[in-house]
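In what comes next, subunit A is part of two complexes: it sits with subunit B in the first one and with subunit C in the second one.
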Partner chain A sequence: MTPDPTPAVEFRAVSRHFGAVRAVDSVDLTIAEGAFFAMLGPSGSGKTTCLRLISGFEKPSAGHILIHGQDVSDVPPNRRNVNTVFQDYALFPHMTVRENVAYGLMVKGVDRRRRRDKAEELLALVKLQGYGDRRPGQLSGGQRQRVALARALINEPRALLLDEPLGALDLKLREAMQDELKALQKRLGITFVFVTHDQHEALSMADSLAVFNEGKIAQIGTPEDVYTRPKSRFVADFVGSSNVLPPKLTRALGGPAAWASLRPESVRLAAVGPVRGTVSAVRYLGAGSRVVLRIGEVEVAAYVPAGDPIPDIGSEASPVFAPAALHVMEG
Partner chain B sequence: MLSDAPAVLPERGPADRLTAVFWRHPRVLLVLLLTPPLLWLGVVYLGSLAALLLQSFYSIDEFSGLVVPEFTLKTYAELFRAQNLDIILRTLTMAVLVTLTSAVIAFPIAYFAARFARGRWKALFYLGVMLPLWSSYLVKVYAWKLILAREGIVTWLAERAGAGPLLGRALDEQWFGGSSLSTSPVGTFIVFVYIWMPYMILPMQAALERVPGSMLEAAADLGASRGQAFRTVILPLALPGIVAGSIFTFSLTLGDYIIPQIIGNSARFIGLAVYQFQGTAGNLPLAAAFAVVPIVIMLVYLAIAKRLGAFDAL
Partner chain C sequence: MPSERASPGLKIAAGAGLAFLHLPILLIFLYAFTTEEKSYQFPPPGLTLKWFAVAWNRADIWPPLWLSLQVAAVSTLIAMVLGTLVAAAMAQSRFFGREQVSLLILLPIALPGVITGMALRSAFSVVDIPFSVWTIILGHATFCIVIVYNNAVARFRRLHGGVLEASADLGANGFQTFGYVLLPNLGSALLAGGMLAFALSFDEVIVTTFTAGQQSTLPIWMLTELVRPRQRPVTNVVAIVVVAMTFLPILAAYYLTRDGEHTAGAGK
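Then we have the complex of A and B:
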């Protein structure tokens, strides 16, 4: 089967301004059909506004938004075949879980029995069989999220939009939910677009992601692309715990005179090298230790595998790495 | 230096000693705080209500005009006499109409205030709604008497706009008309709606404000039109507020005795009946029985509201 070439969602020079604030600034974006797409960025970077532009809760100030090839810039939310899992879940407290899940069918005028059957089917999908008669108030946070998921999926949307879907869950539940969401997306084949400020979440779940900064997309690509080959200092800084080297230091370490990124796990410590630094911090990580070297004004993190000697704070050492590990950035 | 710091700070005086007592016995504070209001509520408030209930089971000796302090249902039976039943039905109809109208007018105002008004607009909203409550009730009612009078601005405007004959025809109507707006039941109705409106707007606004914006977005997201979202989400979630507001407008209209006295055709309402029976007529038992009517109506109303699920979203 060849993949559908029409993208699920497309932004063409989309801007959304709030007064003088350019929340989204001339963004071009293509989300492939069936993708698990992440929009990553710090708060205020425009990622949530982009999601709301897709669902229709925000209107673009300029540009066009296409859902499966159709321009929806003038289509209200209720007629866009995309559904949202809200950050606060936004379950209707006066309805039972089943009524919540079946809401999308109810407003379409589907008869009661079909509604009930379909709702049960979706509750089973999110592993909440037997919870149909409860009220949202009687559920735990994780269960509420599953209800929100089932409710958003009942209309069989073209794309499912998730706004910080795991933000309100505790760590353990979050990790379990990540795997489950991923599995669910694979099974259903629906395009998932999710917004997060957590780089680990974005890297581990998405098969493609956009990093947002100040209303623009700083980089777009696969998690590996973005993590190992950041295009800019901002991406390197935000996405990884990468070292960001200023041009002077890059050259001193044998690269060109340009900003570069260097992942701590590719840096080892040696007694001799082109540049010397002072050990300023050591953090034990179990499988190894993260050692921070202070070189002039710059801090460079290195990785010392378990078993190797860990230097004392204040001692001197040189960072060494394979030349290929150095990634030169555009700026 | 750090090791010099004492583990326990010295007691500074009686306030610290009292704090310690309250900390060790939290109940003491609770009892101290609750006793005065409970005494007030229990003795003065409920006590007077009990006295009222008791009075309503007495009767009046028709010969001497004295209250006979013996248990009887005779006084309640009197309520069902045609002229008394008339008063009850008239008051009830008025209260229902005032409440419905208030709800319809208040909703868009409350909705605007809850959903869209921010900062200065919100302050303006509160000021606009509360301002009428700061001035004397009597002054407002008399002001309305002038506004609605035959020589008043409403009639004048109606005539200017060419609606004079229409107004005249409406006032000719048997059961709500009169010689002018200020002497007709329509006038009474208008003033009731005006006077009680803030009591409808404020709880409604509070209820609407508690409906998160994301819930409306969720409804739209799932395909609901504005009308569907209103019926299935906003209205059910705002219902407790609407019911709370309607309790105010409904019960205040049921009990008011001043507005129908000043504006309208002097047809009697429950409040006016209570006022006259306990005053000029000296029939305290019948006045008490009349006073029980709004209480019973409100209880029935609340029971219906509860059954309709008005409090489910609380």
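Then we have the complex of A and C:
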């Protein structure tokens, strides 16, 4: 039997409490070497604290953190072989772009020439050749973020931590940077740990992700797992536009008496069915329409492909779906 | 309707106000050149440069000038170290009673000088510290710290907290972070705070009166000199020196902090 390769990051029952607040509450987590791992969650869910526990700016109140197999409980941030792209970038305002990028080498005592060459190499990697003599204040948001990326990569970390790195960018730039980050991670082959509150970003970029809620991991898995098989109401609500069905309705629709999720793409409208609802909203989406049925207190969205008749608002219809489409959740 | 231009009456009033504030200062300069030495009469009967030579040769001016420079330099130095440390603590940590501590730090500058002076004087005698240059320096340091603190804390707030973490993240130890990141960003604010503190200390009278022993600083020397009828314009010559020593640093401090938010402690 071959042993498992050592994970890049491992949390063993890690907690971080701030007074009475359990920012991170007994989290177990394994991030595989070379993975693009996303930590997803609303603000205050503990995802950023987890990232700071890895970088070393927070110390666990309990539990152990291992980075590449080494317990880092007593290792300060400047001795950990991970680097961070900070939210808002945190570039040094009084240094040029090149000095910013080369900073990690300067504090190690690498000579000026090698620093310069390596900085230029990294500036080329992030497509900022020729910007070395500028100051961070003279750059756009997207350029600053590239400088932050180059600076964090100069020490050749085995894992790169990214704290909402795209949050400050506008939509178009954000999408372009998502593709670029993904390509960069493939090319460098190092572990990326990425914190975001944007579910689309997490789903489209990550190999695997953890959904955080109130200091705990609500679900961990591949984007497909999390999207199509949410473990709880929270995950279903937060991650996707899935319908969340209360136990009574699930039962009425032919399932067990439990909370369940049902993706709108799987739901069709029929004239007859076990449950009837009233059409309360219709949204045209191009390739089809999203129709919302109100059944008592619950809203169920259905997807009507282009060409099928679209019901009028206020008319009655029944939701129908294949039994396999119904995903029963833990709670 | 608010009018774009001020009325002539308001302009005249504003001009008169400014003149009332600043003409007496010009008079002080003018009397340094007068030929009349017993009283200040206007207009001066004649103009001369001889008082500068007289002042230069007066042996009783030099010790107070030297003492004032010494006190201002040392209390500024103390204030720069302590003020920066306090600012760092206040800007970077959150703790119970933080706002109250912040108020206590600012209190010496809000408190009337007589109160500070009395308090220090009684405290010194309670613990039996003889009055000396050091008691003056301690007195001055109490308000100099506030000036440095105010300047430094404003800069700390503007400094993105993340840059210190970024430095550590990239492998720098505490000393490297201090030298490469913190000091360059704090430098001009510290220099400005130090210059203001120096200027403030250099012309301080009230606290000095309470905390000095036999020594007199330059402002105290001027105060005692004014009541004597002998060689009055010499005092005015010294006044010009005091203006130069205090006004120039304040001007420099203004230019150093002009780009950022300016929170130099004004007036005391």
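One rule holds for everything that comes next: the second predicted complex is superposed on the first by the 327 of 331 C-alpha atoms of A that agree within 3 Å, B and C clash if a C-alpha of one lies under 4 Å from a C-alpha of the other, contacts with A are read in each partner's own complex, and residues count from 1 in each chain.
As a convention for this text, a residue touches a chain if its C-beta (ideal position, glycine included) is under 8 Å from a C-beta of that chain, and two chains touch if they have at least 3 such contacts.
Nothing here was measured: the structure is a model prediction, and the numbers come from that model.
Participant: With the two complexes overlaid on their shared chain, look at subunit A and say whether subunit B and subunit C clash or fit.
Facilitator: clash
Participant: Which residues form the common part of the subunit A surface touched by subunit B and by subunit C?
Facilitator: 55, 57, 76-79, 83-84, 86-88, 90-94, 103-104, 106-108, 151-152, 154-155
Participant: Which positions of subunit A touch subunit B when the two form their complex?
Facilitator: Touching subunit B: residues 55-57, 76-79, 82-84, 86-88, 90-94, 103-104, 106-108, 151-152, 154-155 of subunit A.
Participant: Under the touch definition given earlier, write down the residues of subunit C that touch subunit A in their complex.
Facilitator: 160, 162-163, 165-173, 176, 180-181, 184-185
Participant: Taking the complex as given, what residues does subunit B use to touch subunit A?
Facilitator: 212, 214-215, 217-225, 228, 232-233, 236-237, 309, 312-313
Participant: Please name which positions on subunit A make contact with subunit C in the complex.
Facilitator: 55, 57, 76-79, 83-84, 86-94, 103-104, 106-108, 151-152, 154-155
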